[in-house]
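Written below as structure tokens is the structure these notes are about.
Chain nomenclature is as follows: A, B, C and D, assigned in order of appearance, with residue numbering initiated at 1 for each chain independently.
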Amino acid sequence: MNSTFGERFRLSVFGESHGDCVGVVIDGLPAGFSIDFDAVKAELARRAPGNSPNATSRRESDNFIVMSGLFNDRTTGAPLMALCRNENTRSHDYEPQFPRPGHADVVAAQKYGGHNDYRGGGHFSGRLTAPIVFVGAIAKQILFERYRIEINAEIASIHGETDAAKFDEIIQAAKARGDSVGGVIECRARNIPVGWGDPIFHGIESDVAAVMFAIPAVKGVEFGDGFGFADKFGSEVSDGIGFDPNGNMVFTANHNGGINGGITNGGELKFRVAIKPTPTISLPQKTVDLRTNEAVTHSFTGRHDPCIVPRAVPVVEAGLAICLMEYL
Amino acid sequence: MNSTFGERFRLSVFGESHGDCVGVVIDGLPAGFSIDFDAVKAELARRAPGNSPNATSRRESDNFIVMSGLFNDRTTGAPLMALCRNENTRSHDYEPQFPRPGHADVVAAQKYGGHNDYRGGGHFSGRLTAPIVFVGAIAKQILFERYRIEINAEIASIHGETDAAKFDEIIQAAKARGDSVGGVIECRARNIPVGWGDPIFHGIESDVAAVMFAIPAVKGVEFGDGFGFADKFGSEVSDGIGFDPNGNMVFTANHNGGINGGITNGGELKFRVAIKPTPTISLPQKTVDLRTNEAVTHSFTGRHDPCIVPRAVPVVEAGLAICLMEYL
Amino acid sequence: MNSTFGERFRLSVFGESHGDCVGVVIDGLPAGFSIDFDAVKAELARRAPGNSPNATSRRESDNFIVMSGLFNDRTTGAPLMALCRNENTRSHDYEPQFPRPGHADVVAAQKYGGHNDYRGGGHFSGRLTAPIVFVGAIAKQILFERYRIEINAEIASIHGETDAAKFDEIIQAAKARGDSVGGVIECRARNIPVGWGDPIFHGIESDVAAVMFAIPAVKGVEFGDGFGFADKFGSEVSDGIGFDPNGNMVFTANHNGGINGGITNGGELKFRVAIKPTPTISLPQKTVDLRTNEAVTHSFTGRHDPCIVPRAVPVVEAGLAICLMEYL
Amino acid sequence: MNSTFGERFRLSVFGESHGDCVGVVIDGLPAGFSIDFDAVKAELARRAPGNSPNATSRRESDNFIVMSGLFNDRTTGAPLMALCRNENTRSHDYEPQFPRPGHADVVAAQKYGGHNDYRGGGHFSGRLTAPIVFVGAIAKQILFERYRIEINAEIASIHGETDAAKFDEIIQAAKARGDSVGGVIECRARNIPVGWGDPIFHGIESDVAAVMFAIPAVKGVEFGDGFGFADKFGSEVSDGIGFDPNGNMVFTANHNGGINGGITNGGELKFRVAIKPTPTISLPQKTVDLRTNEAVTHSFTGRHDPCIVPRAVPVVEAGLAICLMEYL
């Protein structure tokens, strides 16, 4: 298994949901950067459960401790390792008797010969997004300091509804039924310099999509008009070229989401990700009983998010920030 | 610029649209494989223009010559280099006077300081998908021989229409208007073994999406129900688990497109890509005149595909095959 | 900075000499392996100081704690993170007032803008070989279990002397003078299968040499007859080919150290590394006083190894084991 | 097989000794560079055989043709592919009846199941150093333009003799006897900026050694005093620190060859490589007859270099230049 990402800015993520900890080693941080840890905590809090009635009632205390790569409150240039101890895990929630549909339980057991840590999903757990948010929070600070890059994601829709005022109600209704709902997150980034990314295999779209699909529950990624392009005429989606008052070439529209030929064009980077409904629900699902080897219908009774979309928002931002660090 | 892909099965793509050639070096081919070059030619013919009234009237003769890595008609295990000479290029078609909206003309000139080969898009051209199809054709043969893996892509829709019988008419109508249309391609693969892919950063979805976005004009990728998940309840999209007659665990549905936690689950791999309308159209578009430095409205008069979707179908299949070779 | 190594078997090393800890994340371990931690401790003890009068009087307690990737006493296939808390550090020993000749003090300060952790050499310290030995100890177990590969390094010479009985005396004499000595380590490995390694850039010699030069104080690496080849006739160093009693091709000599064209040939892998004398010595050396900005002559008074060669022996073995894991 | 090298500056080498061609794809060249092809030819001529009585009488015409990545006589930033057609090959010279001791004939046949191109060594041939010299010649020009880096290698010894005036006589004497001799090449580079390289796994020594061992016949690499360190006291090999007249820190000696902790220190980079005697000699060697399956004594009668050292000099320079390009 390979849980590393990146070439010049490299992450190596480790840990399990109900093991000792989750954490990350970061290679490629610039030396001398003063991390704003309050801002890091704020990002982690956005991802953490327990802050809203829409999220799981699990308590995950996302306190990351930096154990290397910092000296006199600044990055040293050496690998920064940070970890977060796990607390309040109730590992009997996810006993392996009934593999969960829509999760990796079955394939993980097959791939690793039954040796995977199945407690809470182990290394496959959504808890592994915590170190990603940790890294992303630092990356966002560096990107802003260097280029004034600002990254903002928000919920575009929950279960097809785009009116944010109704999101809570939709989620609570699903929860009350023992069901779950999905949604779409839209992410935008401003002030990315022209020229990041390569044509063909190493375009920004390839890199960003690769990281987005690393987020559990993401099942679709589109840039600019995305799938909407498929129904349009070329003449409707032309990103015309013109000059700004200073004589610089600019685009008169942004259907392509700030990217041409895989390369940033100076416009706003824009993409959307589809998040599937949480597969672990209280409503009965078809599964198998591994003790009796019989097909059964089972209700999963743990503490689950009825909708993971709100908690995924900071993860999407973090993922983009990590991608962009490659181009510092 | 980095136009390489893969770790164990590596491509290094080179060439320009209107230069001497396009081609590829393949590292990581198994030794002793007898390539069926008729099948390779058939794949290249699917991508080549000029075979249908819907495609560009350019003649690209996609005859690849293998110049290393073959001996006594079999692969040697050494790098296989193949190239295809360019013919019949009319480089004045794409004079740099008017950068084309929706193409990389502007960003490429900025990124490479004006030194990029702009003729026909140079290294950014869709012609670079020819070597990808070449490699994919070989990869498909190896995947079938080793695992009976079958990969098939087809057009799911053109300009929103899903009835294949109407595709030609839609494309011809757009062409007649000097316009272009996009569409969606769906790709399926059978017989992929359980357990390919890693959780988090190196899941199959990340790898496949990265390659798909390497195909010019692809602006969205979704797996299984993809963006459709966003409007569903968890209970509607449950891939239940059961037993087949031989007692093996199987899934009773496939909303996840054959992938759980980034790892193949033995089911049919299923994904869709959104293809934007060809940006180079005869209808007038806003651009700038680089000789006068004035904003203008320009009609591009070259030989262009009114819809690139049909030619992209074999490229999508090739891209998937290349991804899967990593797991041999 | 990039402190990672490997493609399929990947290490990410972190930590500082006088910081909280040193440690490593290992990606690519097979699942289900039961690590013999007593054997790991024994390897770490070989590297640890304080076990012999020839080594530094520093006490480094090399107790690595595994914090991820183990479950029910077996590897899970997920990243294994292990760290070792630092103890008994006397960071005032190495105050930055006088940069140490032969160390990275000057270049590290320049490269990282003065932000590097200079205490005890920080991330540049020889203490970072502890996680390498930790990983190597596990790798050796796996290589033995799978292929019966045995790796053994030993001291070939200390300060030119090849009689092992005199090593202690030579080292103690140097120590008494406030000086230090170097030496040569020879490493051999048996039972490596034929065919590991690639020609040209990814031969076994390239991989092994890259890891050996990662060990502080290593300044030369040679395979088989190595530099001795330079003085020989081709006819003197011919590794003739013959048949063993079972009719398998074998070599009648092994001047090439078990490698031809970068690829293992089934013979004993054999290489030697040159270790320089410890640069931190009590005898006066030319350096600069960073407080007064004056050139001075300074005696470094910390606890230093008069000869690092004995402690480097297990590191050399570990380095080879790590290289070979790439070919599992 | 993987014949690629580098991360940011990447080579992908292809071809066979007696096949159609040898060549290389270069990714990561800066755009807008005007290559001096006369200088490239001069470098290739240094490596080519047939220019001196000491080299093989084979005629290899090293005319590389650039087929991509150049436009208007400048690099475009896109991959540059160049190849050199093979001429005047007498493939019956190296019939596979008698595998050559000291070459990869046996291991290549075993590793690739007999499918490797054995003619003239195929992809294992020293002819594959021609594309390396081609790339190195370009790299040297860029390094000089950007940093005034100068790279010079020379023969330090032939068969133990360091007096250059005697090299020819030694080589001719060996040739007359049907034998061969080895030697040592020393390489120095000036004006490398301080701070290139990383500690531990990605030090300059690791990178340079990895490339040097990619050169056929190289069996040892040492930096600075190298193996000479092993016999010295620390006090003898101290690279003292002082100030130059401008107040910059400088080193008062250079036993470490311009590298500390894997990182360039601004001093002259200095290393030496050991080259083994050409293994293909006319004097009889033990080998096997693959037609009769009998152990035999055989005299190899082809046109062989009695000493490959002179032709390896430009390859060593090229290898260093390629390494350094990674740090542009």
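One rule holds for everything that comes next: contacts are C-beta pairs under 8 Å (C-beta built on N, C-alpha and C of every residue); 3 or more make two chains touch, one makes a residue touch a chain.
Just so it is clear, the model here is predicted, and its values are computed rather than measured.
Set against the Cα centre of chain D, the chain with the most distant centre is A.
Across A-C and A-B, the chain pair carrying more C-beta contacts is A-B.
Centre-to-centre spacing of chain B and chain C amounts to 46 Å, using the average Cα coordinate of each chain. Averaging Cα coordinates per chain places chain A and chain B 26 Å apart. Centre-to-centre separation between chain A and chain C, using Cα means, comes to 38 Å. Contact of a single residue of chain B with at least two other chains is seen at positions 1-4, 8, 13, 111, 123. Across the complex, chain A is touched by residues 1-5, 11, 13, 99, 101-104, 106-108, 110-111, 123-124, 128, 157, 159-160, 174, 179-184, 194-195, 198-203, 205-207, 209-214, 216, 218-235, 237-243, 247, 249, 251-252, 255-257, 260-265, 274-279, 281, 283, 285-288, 293, 295 of chain B.
Put simply, chain A touches chain C in their complex at residues 1-4, 8, 10, 12-16, 19-23, 25, 27-28, 31-32, 67-69, 71-72, 74-81, 83, 111-117, 119, 122-123.
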